[in-house]
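Chain nomenclature is as follows: A, B, C and D, assigned in order of appearance, with residue numbering initiated at 1 for each chain independently.
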Amino acid sequence: MSSESFTHKKKDVSLDAARHVIDSARRAAEAIGVAMNIAVVDDGNNLVAFERMDGAWLGSIDIAQGKAYTARAFDMSTRDLAPLCQPGQSLFGIHATNDGRLVVFPGGIPLEKNGEVVGAIGVSGGAVEQDQVVAEAGAEAF
Amino acid sequence: MSSESFTHKKKDVSLDAARHVIDSARRAAEAIGVAMNIAVVDDGNNLVAFERMDGAWLGSIDIAQGKAYTARAFDMSTRDLAPLCQPGQSLFGIHATNDGRLVVFPGGIPLEKNGEVVGAIGVSGGAVEQDQVVAEAGAEAF
Amino acid sequence: MSSESFTHKKKDVSLDAARHVIDSARRAAEAIGVAMNIAVVDDGNNLVAFERMDGAWLGSIDIAQGKAYTARAFDMSTRDLAPLCQPGQSLFGIHATNDGRLVVFPGGIPLEKNGEVVGAIGVSGGAVEQDQVVAEAGAEAF
Amino acid sequence: MSSESFTHKKKDVSLDAARHVIDSARRAAEAIGVAMNIAVVDDGNNLVAFERMDGAWLGSIDIAQGKAYTARAFDMSTRDLAPLCQPGQSLFGIHATNDGRLVVFPGGIPLEKNGEVVGAIGVSGGAVEQDQVVAEAGAEAF
């Protein structure tokens, strides 16, 4: 077995990149006047950076991180995942797995480079449509 | 009293058997081009072996193990269990028991010897129909 | 900010590499006649592969994974970490962090490529000296 | 009854202040050449902001947050708390309370305004003396 077969190169999210993503998301949150919690995870689904805007919901500290975790866990937005998780649908019950870290409603979006998922952003603090808009602003800045 | 009366022979899943099951499942996953997480538990519902194919969903590490656990926990496939767990059905809410280890959608299948359940395989990484196909390939190899 | 500052390349542990590491560790375990649990995690500290040898301690399923997790969590062997975690030492109490996933005794070793930690192996099933020997055999095969 | 009687003014840590604290700590970390995880909690002991420097220990994501939580939980530095938590001392066993969120070694420091604790910083990523130095740099910037 050659040395190459032991490892493969991967891209990842740097702290600078995470800060840029969060800054962009925060500006989008300020534009709609909603205080948000914003989290960014890296390729290995580990937290890189987190910010809670003044006055943002305390319960969303966990949810923002959970949305980022979920989007990287399945390499899809939590908005796309949500309908599959409803009662009667194919993934109903998935919200109880992964030690309670999954969040199955909008606001989590993968961060991609050249079509490869290398991390994710999660946003929580408003209506899910607002969370989604802010997360999109962050993801687009990546 | 002879030594035999203190013990009972039990059929179980050896590591060799688990590796064979996982190899078979992995080939089925490669055949459909989906990277899977694959887990095998034994008669005591304890993990024997686990493999994550390169690039497979990180969130499915837990779910593959959960599907195997669930299939052995109730000696039935998670596909058969799923409809009973929906809202309004007889087992609704069961996904919140067992410390969050249960998974109530397809991809977990008991491993049987002579009609007796002695373990289970769990597969996660694609659409549930894909997970099911791969789990079946593993179970049939047992 | 240039595109390069957003991401950085990383090496990682492939499934083939993890299987090779586990095979090497298992042969070392067979050589000393102790049934072991063996786990390999990747760069992001997520499980790649796990095997329990026939008859190995059930309680070590969790411990082997915890040792691998710990070695990657701090990029050092759990043998080097152990003395720092004793009563009166600088890291006493650390075993209660990370949601109970840390194991602070020998048997966990980082996997390195060109001096960079890209994963870890964890072994549990015998005396800690035996676990250490088997983990070393696995790490050296990487 | 006036509106004022229903509320009391409280001093707290704004996101701007937390970012300033983290920036100052990060510069101190860069000065000693150690990649750190840095967390800031507010008056209610809820996370305000977190950053992981590139390459910092993954296991310290949880510990940095735990140190900040602990410093605010008892309004004292975790360095002052540590000796009280050793075997035979008055608080031995405390590390197992608070759902595993406490960290009883140096690197967590309260943030004070006019002698009143209004939050805390937690730092993890190096030797505890290094963590302490970086946390002090952050706390002094507040």
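Criterion: a residue touches a chain if its C-beta (ideal position, glycine included) is under 8 Å from a C-beta of that chain, and two chains touch if they have at least 3 such contacts.
Bear in mind the structure is a predicted one, so any value in this text is a computation, not a measurement.
Engineer: Determine the centre-to-centre distance between subunit B and subunit D, using the mean Cα coordinates as centres, and give it in whole Å.
Structural biologist: It comes to 43 Å between the two C-alpha centres.
Engineer: What is the distance in Å between the mean C-alpha positions of subunit A and subunit D?
Structural biologist: That pair's centroid distance is 25 Å.
Engineer: Based only on mean CA positions, could you tell me how far subunit C sits from subunit D in angstrom?
Structural biologist: 29
Engineer: Please output the residue numbers of subunit D that touch at least 2 other chains, ranges allowed.
Structural biologist: 54, 58 - these are the residues of subunit D that touch more than one other chain.
Engineer: Counting only chain pairs that touch, give me the topology of the graph as line, ring, star, complete or other.
Structural biologist: Topology of touching chains reads as other, fitting no named class.
Engineer: Please list, in label order, each pair of chains that touches.
Structural biologist: A-B, A-C, A-D, B-C, C-D
Engineer: Could you list, by residue number, the parts of subunit A that touch subunit C in their complex?
Structural biologist: These residues of subunit A touch subunit C: 1, 5-14, 16-17, 20, 42-46, 99, 113, 118, 142.
Engineer: Quick one: which bits of subunit B touch subunit C in the complex? Just the residue numbers, please.
Structural biologist: Its residues touching subunit C are 14-15, 18-19, 44, 46-54, 58, 61.
Engineer: Provide the residue numbers of subunit A that touch subunit B in the complex, in ascending order.
Structural biologist: Its residues touching subunit B are 8, 44-45, 69-70, 72-75, 87-88, 90-94, 96-100, 102.
Engineer: Report the residues of subunit B in contact with subunit A in the complex, numbered from low to high.
Structural biologist: 54, 57-60, 62-63, 66, 82, 85-87, 95-96, 100, 102-106, 127-128
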